[in-house]
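In order of appearance the chains are A, B, C, D and E, and numbering begins at 1 in each one.
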Amino acid sequence: MKICRVIGKVDSSVKLSSLQGQKLLVVQDIGPNRDFTGRILLCADRLGAGSGDIVAVTTGSSVRMFFPGEDAACDAAIVGIIDHMSFDTKSHKKS
Amino acid sequence: MKICRVIGKVDSSVKLSSLQGQKLLVVQDIGPNRDFTGRILLCADRLGAGSGDIVAVTTGSSVRMFFPGEDAACDAAIVGIIDHMSFDTKSHKKS
Amino acid sequence: MKICRVIGKVDSSVKLSSLQGQKLLVVQDIGPNRDFTGRILLCADRLGAGSGDIVAVTTGSSVRMFFPGEDAACDAAIVGIIDHMSFDTKSHKKS
Amino acid sequence: MKICRVIGKVDSSVKLSSLQGQKLLVVQDIGPNRDFTGRILLCADRLGAGSGDIVAVTTGSSVRMFFPGEDAACDAAIVGIIDHMSFDTKSHKKS
Amino acid sequence: MKICRVIGKVDSSVKLSSLQGQKLLVVQDIGPNRDFTGRILLCADRLGAGSGDIVAVTTGSSVRMFFPGEDAACDAAIVGIIDHMSFDTKSHKKS
């Protein structure tokens, strides 16, 4: 999974029927230096994540497992809200 | 999903039969700094998106769900047109 | 799909049986600045593309749809030859 | 597979049921220069990997094979712990 | 497929059963400038590739086609050994 921070949200009136009523959050991936300056993605949220939360995001066809519907085409979803993340200082290497 | 801007279109006379009659738009992914300077993709559009629109783009095998046909090999499609996108200013970090 | 330019070809005598007789072209992905300086890929071609052509390339498991065989493991294929590509000048942003 | 180093771990109380009780480790991908400064991922571990270990990580839908459950959406897992890695000095090219 | 050079190998005693006895090689992807300074991957080899060989590597779920077993989770495999690769000089553009 990607480790991302929730940074925003979107409104979309024209979308596939399988996305109707689906909460969509903008998240930004963790970068190699452990700040959240990586790629920006749009993902579905059913766990109640909010702005600033650190979340685990699954991408790709695995997401289809919990998005039923003939046009189900969501490829990113929040699968966990991270309470705490700890790094081993020994293995940290500044680039 | 990727958050992209529609930046162009293509004409293609030689293509797989499953792509015949399919509107194809050129889109550019949002970058880490929230401008649209990321990767450029070609994706199918059935929602009526136009040049300059901000769109949600699904990629990968999930797209195959709504492209029937034996040679269906489209791997990117617009799944929503974004009306409004808001960012949490607090969590914005310039790289 | 990726938008790529055909830049070369390969010879391979030792390969999976599902790739035997398959024309393989080297392509280079379009970069964020609209030149073709992105990633280099090897992909199957059944549309008759040639050196210098701009092509639409599908990647991932969607490609398996038209590569039958028990060891079918091709993950990139040309699905269209692009005759013309036009960009909206307004939305072009130099990075 | 990706070659990664285990650099940390996460606690997550709110997550999909298929991830309950699943050990999740933070890993960092090897970079082009053979240090571990690449992308950071969160992945499941059932092999007993620990901090500092070099591991082989599989990503994408292949991971779903060993994560049963209706909402199984894990897209990264450790599939091997690497005891020793050797490089051919001849082919090493500093960028 | 990716075009990679074989640069090393790994020993792994603890791994999924579907990877037992499987030869695993470290490869490095071709970069945009046609040197082999791209991403480093670990992939299965059943074609007898050796150090320094240029190989075609398939990634993702397509690889699962030839890795039977309940925990089959290999996501990268060598599918061809490249004897010769030629580039069209005209289309080469230094970045």
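Here, a residue touches a chain if its C-beta (ideal position, glycine included) is under 8 Å from a C-beta of that chain, and two chains touch if they have at least 3 such contacts.
Predicted model only: the values in this text are computed from it and were never measured.
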item	value
For chain C and chain D, chains touching each	E
Rotation, 0 to 180 degrees and nearest 5, that superposes chain B on copy chain D via CA atoms	145
Distance from the mean Cα position of chain E to that of chain D, given in whole angstrom	18
Between chain C and chain A, distance of the C-alpha-averaged centres to the nearest whole Å	29
Contacts with two or more other chains, residues of chain A listed in rising order	31, 38, 60-61, 63
Chain contact topology (line, ring, star, complete or other)	ring
Ring topology as an ordered chain list, initiated at chain A and continued via chain D	A, D, E, C, B
In the complex with chain E, residue positions of chain C that touch it	5-16, 19, 24, 26, 28, 31, 35-43, 51-52, 60-61, 63-64, 70-76
Chain B-touching residues of chain C, taken from the complex the two chains share	1-3, 30-32, 34, 38, 47-48, 56, 58-63, 65-66, 77, 79-88, 90-93, 95
